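I'd like to ask you about the structure that follows.
Just so it is clear, A, B, C and D label the chains in written order, and each chain counts residues from 1 on its own.
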């Protein structure tokens, strides 16, 4: 596959959307990537794990074992597809609803669970993985990603930076300022927008009057491209091409991955207040896992035994991650004070000491 | 409190067709806390407006609407997301009247849920009222009961200046207090003594009022009777009520969720020092959040003031 | 002239720029508006007045009679052209460098001078003119303009809102959030961007990698159009069409008026630090006044006598405005406190009284 | 002071290739106050970066650069334009270390000219340091002399936490003080007694130091000898130096340009009250800007503290 093929072809102005595997699991495109069986299996099992880990998280929340949580179902295709294209020294600035991406990059599920359970520890990446903590204020992490890209340019590192967000983020001032910087400084950024049709209750069409989100790239002097976000291979192909382009110093790309948030916005939300069952069911037919299973089956990779082994591994992985997360002690008093500055200033020491004293006295 | 706020919104929108509501998810969804439930149906989508996700845009357009002649009520979904609108608030909403010597005004209410202790996500527990209290031209209002919430919100909407209206998340569904169905106002700028006492003055607001009340109750066992002032309007502050109480008790404790340094408690202590130094029998203490980022839920309990910490501080004050 | 003709034709993707009068003063377009002699003379004399009033302001500043001032020369064409298209009930949100627009709308020059001399009074519009005070924080007034447009929609007023800014503003988050709201709510806004090639020292090409500024409208689902900003008639035609479109409920338009800031950024700036004399001289040839003079001459409207009468009127108008501005007393203590709130709260009264007392004591 | 700052920038950029400079007009133009004059030529346009006009973008990208391993120095052209970057500063720069328990840090200096009395345009005279002093995780530094400016800027650049570095416009070209050509540091967090005295303690910083010094000199005629503390680092504050001085003099005057209510003076008064109440022989007074929008040039002289207002306040304090 040559350089910048799909980015040129699937420009928003052409209104054509890159799809490799259609809803029925059939290959519909000349752009099918040449992935090894191992990688294809990896994509499948990651999507399955993300799906199951998500269901587990919702259950944990219902049982009071986790805080407010943002369900992930339906978006595994774009997350895993994108994650597969990331290379070792790349940097990643994830969306807050990005479980599949985290898993694909090797971020421990335990940490993801820790985060949603309310531990700062969950924000710490494992060694060797350049991933930022998720940004809760929508769009606010996009400039960070561009800053990392600028830094890579300054340091002459041949790396790429992946930054993920959803449709809501495209309305934010930070999206605009960041993408404009990316264009001006020709940074090695790939902006992946999960257009999941909603920002809480606001449908995509009320988020912006632009026909597509991808066309917004044009305002910054670089290319936008549209892909079927429920097709992990389409997302993989476009993201890989864009990351390669970035690493080659050829500037940023905006990818709009069209997908759907199947669940509620968070566990505090009730999506039935603002969208119809029918709409949700329409999208269920486009499920990324389902179609990828058929694709693998057609390729002779998937069979019930394989499915069972994936399910078994997933189950034990999730159980272990849950257990580890739940056994993690919460932060100590010292711990919550210690990282305010590199060196704790006197007034903070005093506050910490007072709190420790008070806590001890209370106990005794 | 949610119902009281909802009533105030609805009554004011009924009373004055210039009153409109805008923000993220305020319409179809009725607000993520349901404060604007039902209003879209009642007043239509030209007056109840679901906006794109852009806080500076929400406040900036509200300023334009207000200057044009409307009385917008803008909802910021959580106080932690207001900061991108900070420039619009500080540089424009607060200044337009002065800049044009009264020619243009900004009758705008910015509603936002604030505060913690509800095990919320990062950036969802902010209490940065002091940022707004130092901006000339703004008013800052915080109710602590449903009754006050309804009356203060009505007054804020009818006020001709921009009002930051902070809603204590913690109390949204607490307090089953009765309140009349009709519209009524509670004047801005007046504090309320919610508990009379002789021994010391506790100054607090919003979600810290029930905490202070609990603490005060506990203190009775120790034969200490605090007076509690619910500030209600943080800016401009009701300095008279504070000074009067301090002159009576001679001892002061300030309780707020925000970090201690440069929290509103600092200003309160400073002006008491200035105006009533020689009435003070003990240092003014502050029980507040610490000067750290609010911890995530697993350790947030360390952070927020609670009745035990208040008792501890009161005992210190009474030692003098 | 029909509806939305030039807006459709001079889209940035076509890379065609609307020009009615070329640099030599020749009519180059079928879009010449059908303006009365009175209006054409008005355009001329307004441009001349703006030019002279600008020179006067720079002199006043040099003599210490005015504060820091933002020179206006070169941009009279777009300012006057746009102002001519504004109707009585429209609202205007001006750029800070907009002397020609102010004059065209009938904003007293005295007030403009008052503003730059450091009086808040200069921000107060005359009766019947809906103009906002200029916003110093770049781009921050654009949401106000959109808010006014939303309000007009809500109140069902058939008016339009003109909002002016320069290239620098297009990089700001507020530009993005505001234009996106305008697209979503189909507001009656016209965004007029004076692309004067610089934001202080930053050349236009480093402000954004987008080929044109007009194309940014596409990101918000409405049209952009490019005009020669040194041709008052081109600006008039495009602005009028866009304002008419807005009043008809057909949504917003972004106009990029290509012009040049001939002077320094402000009287504190020295533009020779960052741009060449040659570049400035190239643009001098495109001067809006010069070409319009030839146009009028060719039409038989301009002759030396007419020029003299315009110059004479201008001179006395400027002298009178200067005198009136300089004779205006500065704000009293009460005045600087009085407009913080509708009703002065007790602590402010106390501060005011203390300052008054202190000032009296000092005097005596 | 401009030259001192310029030297500090240049020396630190020379010392550490990770130090880079970005902002509006910092490159070709050398900064609108010429603080970065010559640096583009010396260090090239990959390290001296003229950015588009977007403050949130400047600070947001700086955070990413800092986390990546650079040590960016971001210039905000005037303090009045920092507010659109407020969210990036508060929600990210100040918190990243804590959020990731030290995994990512933000060694970022945000330089900005602040303060008034220079007859500047609207929004060009801001002094809102207290907004930043209440944000845990930030440091706030303000020099008052060229010597301090150079040393404090060097320390700020070498500091591993985000530093808000305020440059008093008023003093950019004042003070012909000598300073060494080599690089040197002045530790953050330490105040400096710039004038010793017995009768009262004046606490000030930045542009208010010369004003306080002038006032103190004038007071000698009246046989009153103020001690002047130049805070230099506003956050975290050098509380020890303040308390020691207060214990000696028993009287305190705080001078700042910012509005009185919730200015940093409030925190200073509050903690003195807390820690040294019984040393106080008079109320702590504050000579500050008023709680109004800074007037435009024609009447700005009413607004800013001056030696006469300070004298007036000192006389009040000495009456006790």
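Rule of thumb we're sticking to: a residue touches a chain if its C-beta (ideal position, glycine included) is under 8 Å from a C-beta of that chain, and two chains touch if they have at least 3 such contacts.
The model shown is predicted, which means the values in this text are computed figures rather than measured ones.
Q: Strictly by the touch rule at the top, which chains does chain A share as contacts with chain C?
A: Chains touching both chain A and chain C: B, D.
Q: Let me check something: if the centre of a chain is the mean of its CA atoms, which chain is farthest from chain C?
A: Chain centre farthest from chain C's centre: A.
Q: Rounded to a whole Å, what is the gap between the Cα centroids of chain B and chain D?
A: 30
Q: Measuring from the mean C-alpha position of chain C to the mean C-alpha position of chain D, what distance in angstrom results?
A: Taking the average C-alpha coordinate of chain C and of chain D, the gap between them is 36 Å.
Q: Between chain B and chain C, what distance separates the C-alpha centroids? Give it in angstrom.
A: 40
Q: Among the residues of chain A, pick out those that touch two or more other chains and give their numbers.
A: Only 120, 137, 140, 171-174, 177, 180, 184, 206-208, 335, 340, 347-348 qualify.
Q: Please output the residue numbers of chain D that touch at least 2 other chains, ranges allowed.
A: Residue numbers touching two or more other chains: 52, 54, 56-57, 80, 83-84, 87, 91, 98-99, 122-123, 136-137, 261, 290-293.
Q: What graph shape do the protein chains here make by touch: line, ring, star, complete or other?
A: complete
Q: State the interface residues of chain A toward chain D in the complex, per the touch definition above.
A: 91, 93, 120-121, 123-125, 132-133, 135, 137, 140, 142-155, 173-174, 177-178, 180-181, 184-185, 335, 339-342, 345-348
Q: For the complex, give me every residue of chain D touching chain A.
A: Those in contact with chain A are residues 20, 46-47, 49, 51-52, 54, 56-57, 59-70, 72, 84, 87-88, 91-92, 96-105, 136-137, 139, 159-161, 189, 236-237, 239-240.
Q: Touching residues of chain A toward chain C in the complex: what are they?
A: Checking each residue of chain A against chain C gives 171-177, 180, 183-184, 186, 206-211, 215-216, 218-222.
Q: Spell out the residues on chain D that touch chain B in their complex, using ranges where they run on.
A: For chain D paired with chain B, touching residues are 56, 80, 83-84, 86-87, 90-91, 94-95, 98-99, 122-123, 128, 130-131, 133-134, 136-137, 235, 258-259, 261-275, 277, 280, 282-286, 290-293.
Q: Name, in rising order, each residue of chain C that touches chain D in their complex.
A: Interface residues on the chain C side: 67-68, 117-120, 136-140, 168-169, 171-174, 199-202, 206-208, 268-269, 273-274, 330-333, 335-337, 340, 347-348, 351-352, 355, 358-359, 361-362.
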